[in-house]
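There are structures below to look over.
Two complexes come next, and they have one chain in common, chain A, joined by chain B in the first and chain C in the second.
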Partner chain A sequence: MGSVLPAVQGFMYPNEVELQWSVLIVLYPYITGLVAGAFILASLERVFNVEAVKPTYRLALLTALAFLIVAPLPLQLHLGHPERSIEMYLTPHTTSAMAMFGFVYLWYLMVVLVLEIWLDFRKDIVLTWRASRGPKRWLYGAMALWYDNISPEALAVDDRVGKAITVIGIPSAFLLHGYVGFIFGSVKANPWWSSPLMPVVFIFSAVVSGIAAVMLLYMLTAWWRERKFDIACVDTMARFLFFAFVIDFSLEMLDLVHRIYEADESFRALDFMVHTKLYVSQIIIQIYVGTVVPLALLGLVQLVRLSPRVRSWIYWIAGSLTLIGIFAMRWNVVIGGQLFSKSFLGYTAYKMEWATREGLLPAILLMLLPFGILYVLVKLLPPWPAKPRKGDATVM
Partner chain B sequence: MTFDRRKFLLDTGKLLVLSASASVAWEAIVAGKPETAPNYTMTDHWWGMAIDVDKCIGCGSCVRACKAENNVPLDPMYFRTWVEQYRVNPDDMDHPTVESPNGGYDGFPFKGAPDSDPKAKHFFVPKLCNHCADSPCTQVCPVGATFISPDGVVLIDKDYCLACRYCVQACPYGCRFIDPRTMTADKCTLCYQRITKGLTTACCENCPTGARRLGDLKNPNDPIQQFLLDHHVVVLKPQMATGAKVYYNDLDGSVR
Partner chain C sequence: MSDLFKNKVHLVRMAGLFLVGIVAFVILRWWMVPKSFGEYGHYRGAALGEIASLPMHYAGRAACEECHTDIVAQRKGSPHEQIGCETCHGPLLAHAEAGGEPKPALPDSRQLCPRCHSASPYRPKGFPQVVVADHAPEGQCTACHNPHAPKIS
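Up next, the complex of A and B:
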C-alpha cells in the first residue's frame, strides 16, 4: 500500500493517498448502465410500437437480466464486510443514497425484469414443459410455476400486464441508473462528481451503452448461429443510438463548458488532472475514440446512402467504440474523482492490482460472467424463432 | 393442473415478513446491553475544539499521542489527526506549498539549509475530524453505522460498518480512512473513551503549547466560550456548510 506514496504529486491529505473505490466500482455503473439501456431499448418496441426493433426485444430483455444478475457482485467483492450487506435491507439508513440500492435493485429485478420476461416467455415455457420429459420437464414446469393455462384469453392478460410492467419499467430503468448517478452527483465534497447533471448524464450514457451492446449482441448472435440478421432492425437501432449519443454528448459538453466558464476553486486542479493523469482515458479514449469517431460514423450513415455491407461494418466499429468510450467515461468519473486532493493541491495515482480481490483479473471475470449467464438464458429461453424469417434485407 | 396463485403469493409474503422481523428481533437480542457510563449524560454536552494556529510548533506530539491512545495504524496514510506545514508566498497566495511528512508524526525537523523562499510565511495547521453537526459522512452511510451522538461526536459502530467507503468519499476534509486490520471505517472519536470520563483528548493533553483545546459548547463555564468570544475564529471550508465544530484562531485564508 505504501507503494502509492512516491506517486503523490503536490499535497494530498494523508488519508487520501490510497484510492477508496477501485476498478470494481467502475464496473458497477457500467453494468447497471447496460441493464437500463438494454431495457429502454426493449421497451421502445413494447410501449412505443417501434416495429423495426422487434427482433431484438427478447434478446434485449435477456441481456438486461444477465447483466443485472451480475451488477451487485462487484459491490459485494468491494465491501470490507460483504457479510453485513444484508443490513442495507434490514436497517437501511434513510438519508443515504446508497441504502436505496438494495431496494431499487430488487424492485427492478423482481418486479420489472423477471416478471416481464416470464410473461413474455410464458407460452414458450409451457409448450416446452408439455413437450419434454425428465429433469427438463421438471425445470420448465418450475419455470412456469406449474401453471399451464395458455389459452388466448390468458395470453391476452399476460400481454396487457406485460405492457403495464414495461410502462412502469421505463421510469424504473431511469431510476436504477439515474440513482447511480446520484450516488456520485450528490457528494458535495467532490467537485468532480458534485453536479445535478450527473444522474441525467448517467441515464443517457446508459441508453447509449445499452443500445450499442444489444446491437452488437444481435449481430454477434446472428453470426454465431449462422443466420442472417435484419439490417432494417440494426439500422433503426443505430439511428436511436445516434440520437441518444447526440443528447449524451451534448450534456457532457454542457457540463464541461459550464465548468470551464465558471472556473470555480476546483477548476485549475481538475483542469490540470484532465490534461495529465486523465489525458489518455478522458480526452483520447472517451472523447475522441469513444464519442467523436462513433458519432461521426453513425452520422455518416444517416447522411450518406451506403450499402448494407458497409453499414454493418460501420455498426460493428461504432458499437464497439461506443462501449469502450462509455467504459472510459465510467472510469474517468470513478477513478478520476479520486486522483486529486480535496485540498486541490496535489494528485495521487491508481495502481491497479492483478489477481487480488479488487484487481484486474476479477474485474475481467465479472465482465465475462454476464455473457456466460446470457448463454444459459438463451439456451433456456430462446429469444428468436427457430428459423430465420424470410424476406428480410440481410447481409453477411 | 391447478395452482392457487393468490394463496402462494400470500404465503410467500407472510414468510418474508415473518423472517425479516424474526431476524431483527434476534439481532436485538444478540446485540446485548450497551456499555454504561453512569456519571456521564450525553445530552448535557456538545463537544468541539478550538485550535490556536499561532501556538502550534509542529512538534507532532498530538499525532503520536493520538496514534498511541487510539491504536491507529502506524503507516503514513492512516491518521485520526495530523499536522500540515504551510509555506505561503505573498506573491502567490493561491498556491501555498503544503507538506505533511508522515502526517507530522515525527515532527517537522529543522533542515538547517536556508529557505528556498525567504519571503514566504510558515505556519502549522493541525487537522482532525471536525465533528460536523450536519456531517456529510453520516448522511451517506447506507446502514447508519456512523452517526452523530447526542453530545456532538461523530462515531462509528465498528460491528456494523460494511466498509463501503462512501463516508470516506463524502468527508470534505480527508478525515476518514479504512483501518486495514478491521476493514472498517475509522476516524477521530475525540477520544470518546476519555472525554466521557471527564478527561480531555490525548492530542490536547499532550500539546506542549496549548494550541488545541477540547471544549464543551453546552457548558457556559467552559473556557472555550471565552476563547470564541475573544478571537476571530473560522472553520475549515465553511462553504461546505457542514456545521464543523473545530474552530481555528487566526487561520490564513490559503488553508484548505
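Up next, the complex of A and C:
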C-alpha cells in the first residue's frame, strides 16, 4: 500500500487506496467473453445454417472449450485456496450471484460444450478408434464410450440432438457472459459499473471478441498447416464481426450518452478520470485503436472491392486490434471502477506487480494456457478434414 | 436390439455417464458436508458449540468493577467512562479468577494512546488528536494524563 500512496490524488477512503481486483479479474471477463463469442459464432452455422462459416464451426467449439477450461483459474488464483471452490457446489448459496455462476459454468461446460463437441466429433472419434492400436485405441474407445455405431441413422440422431443442444447453448452463452456483466452492473455502490446496460454490452462485446478470436485462429491455423484459408469464410466472419461491432459500439455510446445527459453526482469525477488516468487505456486504446480503426477497416471491406490479399491483411489487423480493444474495455471496467473514491474527491492508481500471485507474469501464463489446451484438443480432435482413411465409408 | 434403440445406445451411455457423475456428486456431498450444516443458517450448526467451548480470556467490566471501585469513581463522567477496562489492560480473566494475582503489567501508553489519539484526517472533528512527535517527543502519556479521567488538572 505504501508504494501506491504517492500516486493518490485528492481524498481516498483508507479501503480504496489499494485495488482489490487485479489484472486477473480483467482476464476473467475477457476469457469468458471469448468463450461465449466463439460459441455464438459456432451456433450461427448450426442453427441459422450459415454455410460460409462452416469451416470454422469445429475450431470455434474447441476454442470455446479451451478458454472455458481456463476461465475459472484467474478467479481461483485471485481468491487463493482453490481447493475450496468445490464448496460452492456442495453448499450452494442461492442468494449469491457469484455462487450460482458455478452452476452456470458447469452447465455450460458439460451440457453444452462437451456434449456438443462429442456429438459433432463422434464419427471421427469412432474412425480413429477403429484405426488405432495400443493406448491410443483405448483413449478413443473411451471417448466413443465403446460404441462404434456411426451409421447414417445414428449420425442423424447425433445431428438432431446436437442442434437441440446448440439451441439451448445460445441462451446459455448469453447467460454465461451476461452474468459477468451482471456482476459489475449490479454493484449499485459503484457508479462506473452500476448500469442495467452492462450485461448487454458485455454480451455484444463477447460476441465481437469471440468472432475476432476465431477468425484470427482460423487464419493462423491455416498458415500453420501451410494451407490456404477459405477467404469467403473469413469474409463472412468479418461481416458478422463488423455488424456485431457496430451494435456493440452503439450500445457503449448509448451508455456514454446516457451518463453524460443524466450527469448525476458521480459524473464530474468519472469524466475527470476518463480524461486523466484512463485516457490512454480508454480513449486511445479502447475507443480509437480498438474500436474506431477496426470498424473503419472492416467497413472499408464492406464498401470497397479489395483483392483477397489486401482483405486478409485487413482482417489480420482489424481482428488483432479488436481483441486489444476488447481487452482494454475489460481493463477499463474492472480497473477503472476502482480508481476513484466513493467520495468523488480523489483517485488512486493501480500498480501491477510482475512475478507475484496476481502479477503480470501469471496473467500472461493464464492467457497462453488456453492456446496450449487448444493445441492438445486439436491434436485429439482435428477440426479440419483429414486425408481419407481406411474405414471411412464403413457403416454398421 | 431394435434399430431405433441401436442408433441411440451411445446417447444412453452418455446419459449413464452423466447419471454416474450426479450420483458421485450426491455421495460426495453427503460425505463432505458436515451433518450439522444448515441447522440454523448457512453454516455448520456444531460450530456454535465448538466456539462456545473455547477457553475464555476476558473477564468483562463487571468483574473489574467488583474490586476496583476507586477506578470506577475516577472514570465517572470522564470521556473514557464507556471504554471497557480490558480494551487497554488486555484480557484479565485469569487475574480476576485468581483474586488479583498475578498483577497485570501496565500498558505502554506511548504505544496505546496514539491508536486513538494520533492525528488523522479520518477521525471525527473535535476528537482529541495530536501529532505525537510534536506533542510529546518522549515520555509516557500517563506522566501528564490520567488515562481513567484524561484531563490535565
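A few comments on the model shown:
Simple rule for what comes next: the second predicted complex is superposed on the first by the 384 of 396 C-alpha atoms of A that agree within 3 Å, B and C clash if a C-alpha of one lies under 4 Å from a C-alpha of the other, contacts with A are read in each partner's own complex, and residues count from 1 in each chain.
As a working rule, a contact is a pair of C-beta atoms (placed from the backbone, for glycine too) under 8 Å apart; a residue touches a chain by one contact, two chains touch by 3 or more.
The structure displayed is predicted, hence computed values, not measured ones.
Under the clash rule set out above, the superposition-derived model of chain A with chain B and chain C contains a clash between the two partners. After overlaying the two complexes on the shared chain, residue contacts for A:L90 are found with chain B and with chain C alike.
When the two structures are aligned on the shared chain, A:R130 is found in touch with neither chain B nor chain C.
Contacts of A:M98 after superposition: chain B is touched, whereas chain C is not reached. Contacts of A:R309 after superposition: neither chain B nor chain C is touched. Contacts of A:R225 after superposition: neither chain B nor chain C is touched. In the superposition on chain A, A:R357 makes contact with neither chain B nor chain C. Greater residue coverage of chain A by touch, when chain B is weighed against chain C, goes to B. Of the two partner chains placed around the shared chain by superposition, neither chain B nor chain C is touched by A:R160.
With both structures placed on the common chain, the touch criterion links A:H275 to neither chain B nor chain C. Of the two partner chains placed by superposition, only chain C is touched by A:S151; chain B is not. Here chain C runs into chain B after the superposition, and of 1-9, 19-27, 55-63 or 91-99 the stretch doing so is 19-27. With the contact threshold set out at the top, residues 11, 13-14, 90-91, 93, 145-147 of chain A are in contact with chain B in one structure and with chain C in the other. Within the complex formed with chain C, the residues of chain A that make contact are 11, 13-14, 86, 89-91, 93, 110, 115, 118, 122, 144-147, 149, 151, 153-154, 156-157, 161. Of all residues in chain C, only 3, 6-11, 13-14, 17-18, 21, 25, 28-29, 32-33, 37-38, 42, 121-122 touch chain A in the complex they form. Those residues of chain B lying in contact with chain A across their complex are 1, 3, 5, 8, 20, 23-24, 27, 75-79, 82, 84, 95-100, 103, 127, 136, 139-144, 160-166, 168-178, 180, 183-184, 240, 256. By the touch criterion given at the top, residues 1-2, 4-5, 10-18, 20-21, 75, 78-82, 84-85, 87-88, 90-93, 95-99, 101, 145-148, 183, 187-190, 337-338, 341-346 of chain A touch chain B in their complex.
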